[in-house]
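Below is one structure, written out as structure tokens, with a few remarks after it.
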């Protein structure tokens, strides 16, 4: 019976017990990227019969969750997703959870997971969710615009390379090859050869495939027209933002210049 | 168009981009506790009209998710939950995610959250889940049995103290007092005074309240009878485990001695 | 007798033993500042009868050691010292000890300490070194020019404030006040009041005191005239550097513009 | 001129500047080992003409510095040195520098280095110290007696293996072989073969070589006879400690049982 527990005894030790906690704070004034990845999603996508190489509904669900994350966590300014991974970029001066890595990562990954399950039925009305999907996450800091842009470019190049490979692979498999035959067939092929294969063998023009598959998804805030607000009898213009999902080239400078409020257009600076 | 992207250019930088990743590995041969806490659960419990001071269904749902976590992550040997928090104890020599803190915390919190949403309808058939709940998490290491047992004792004492306070508080509120009146009324009262208040004013014998409310929930593995397995023509006894949920005193030595396979019975050692 | 030691036994455990080591790597592409501080230097300066408020010889010795540190560790581009503290700035892309914090801090503090003892006799020919002085150290990273410049400015402002206070304090003590009387006397006084006190009571014009005392010491690399080097039959200009010690204002932009090779002149950038 | 510096401006930023500092605290209730290693001591030992394979004076100097470290830092209970490395063991509950890794490592390595230079003349009266030696350092925590004892055993086995190899190597070199010939000759040889080589070729009985060379040096506290102290008219026995240097087997249980106050005799515990 707990009522008789010697509380004083525990109280004495409380500071000691707490002393084992440690904080891992992320460096101030750096871009924080939280990247989440599906755990065992190879099996998850098979059991839930996702289309190969890309399942539009599954990607829509990821994007829908990402948009909800941006709505819940105001400090996230941009996110980029491909396959079962998503990268969320927090503004440099974010004070979310006082920049404690563990809390930021876990809260975002938890919210994303909850939303994934909640929205499943909306996106897959015909499919039952058979068991709970889950994701792991990690935080990385980038000290300059340039290196953050390089990180995002890396993810988009990866998307492109993987998609090109997977498109070839699954078309070969669908045409009757075994998975290992398809793998051997593609080994060492260059980008141009893969495009030719798709064209000649399967009549597919790679560049006509959906942008979502080739470029991944960017979910981010855009500024809408200033709405006039009456404040102390003065009409004050105040920037409104909304969250959009686009399938665009985020490697080129053009994108960042078109969205100056993201603050990532300037790179080379001392 | 990405096809024309100068891949070599990015490749050169890959090691550099990756160099910003860092690993926070948890010390080997120490007990790892992953503790998760509901984010904004005060609001969540109001909107979903949880009973006060304790909602049995909501606690059942937490326990159900904890049991699923133990089933998914074999290295977790014990867990303890109270209110919207849960502590998961991994065995000392666990190599889960090579002991990387971020991955362990995020995977567990993500799985727990997914399961919470999936099982909601089973536990609350009459209530709609209005928005996605989420949790944050953190890892703490404890180098000895003794300090791990102290940590768990602290959580259980906290459960007891909070429950006693909340039981008084909500009975006062239900009897017509405002929340701030109830707060003032209870300020500075001792455990014995609170029990007397419950008894005299509301006819409640605190010690007759459900154990789940007073002691919290322990979800852990127990060894079942050895099943005989034929192996190389020999009958081999192999320990089987199952996951159980109990509302027991985990401060006293008795519990740990009754479950020697948890390896936490011995404390004082050099 | 060790020869009979069962070596295999230990070998098995080697990976396990090593697994307890951890690395704390400093974030790439950020300015690293190693700051060292004298341990128990209050006592050290009394026992070695340093002049108060400033001992020119003791400061010369610190500067001499700092210059030696810059010579030994080529990645240090700038350092600033005041009293018994010194801050060493490593270039942003330094790979010294693969940016492992512990090794960088310990190697610099160790070299500085060795040099301090070796050069003692040169600087204090008349004084015996009575016991070994020692310093502690720490590493801090700064992600931008601006914040590194702010850090250095903070140290120089601190130097100024402390020196003004100490000059007043020690002149009051030398004039017959007790230390606690001097302290009370100065409590709450502003910069202007302190300067007036020095002027009226002791005939000291603060701004005529040695720059070394008022501004601290900066030890850094400067580029010398390009020396012509014959390389593949072509005369090639190659920048030579030498290490200088100056007592200058490092808060103002002028200093950094005069030394563009330090790469810290530009601050406001996106 | 600094007097005119806008101090308010800097003050505003002070919290921001300080926010870049981070603390790496070592886990409470674990053994802390600070291990220091000579930097570029291969060159240092050549330039200062140390005897090969072991220079008794150089080892004496290391031991002398270690003893001074134990005297200065009361929390260090044991240390073990071989060649140009030394490991210092702090008691499990040490609060030295609030267990901040950077400060502990840097203060110990700095004190050791200062002492090394100060005592050089005493140990090498005939040799001039030509340039400042320096050491790097790192902290590692061990959560149990067992693993700490394994660490120390590893260092002593390493000492033995290296000494046996080096004794062969340098005798071969002294007998006229080149360094690379000596290296080839020894490649793949076992302990027994090395001992035979020493015996047959050079008439050396390995087991008769000085214990200091074969077993390394242990510098630690021993309790001396209780001295009677009069305290409030009562004679009170109080443990006195002194620091000793021994060349003993620290792998075997015997040593730790003979020095129970070190608290490392018991290993196997749950």
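Going by the order they are written in, the chains are A, B, C and D; count residues from 1 in each one.
FYI, contacts are C-beta pairs under 8 Å (C-beta built on N, C-alpha and C of every residue); 3 or more make two chains touch, one makes a residue touch a chain.
All figures in this text were calculated on a predicted structure; none of them were measured in a lab.
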{"item": "Pair of chains joined by more contacts [C-beta pairs], A-D or B-D", "value": "B-D"}
{"item": "Chain whose mean Cα position lies farthest from chain D", "value": "A"}
{"item": "Self-contact between copies chain C and chain D, residue sets same or different by half", "value": "same"}
{"item": "Centre-of-Cα separation between chain D and chain A, whole angstrom", "value": "49"}
{"item": "Averaged-CA centre spacing for the pair chain D and chain C, given as whole angstrom", "value": "28"}
{"item": "Rounded Å distance between chain B and chain D, as computed from the means of their C-alpha atoms", "value": "44"}
{"item": "Two or more partner chains touched - positions in chain A", "value": "16, 20, 22, 27, 141, 147"}
{"item": "Arrangement of touching chains [line / ring / star / complete / other]", "value": "complete"}
{"item": "Residue ranges of chain A touching chain C (in the complex, touch as defined)", "value": "27, 29-30, 141, 143-145, 147, 263, 265-266, 269-270"}
{"item": "Touching residues on chain D, where the partner in the complex is chain A", "value": "16, 19-20, 22, 25, 27-28"}
{"item": "Chain D residues within the chain C interface of the complex", "value": "1-3, 5, 7, 10, 13-14, 16-17, 20-22, 24, 36, 39, 68, 97, 101-103, 105-107, 109-118, 129, 132-142, 147, 150-151, 153-154, 156-157, 160-161, 191, 195, 206-207, 214-215, 249, 251"}
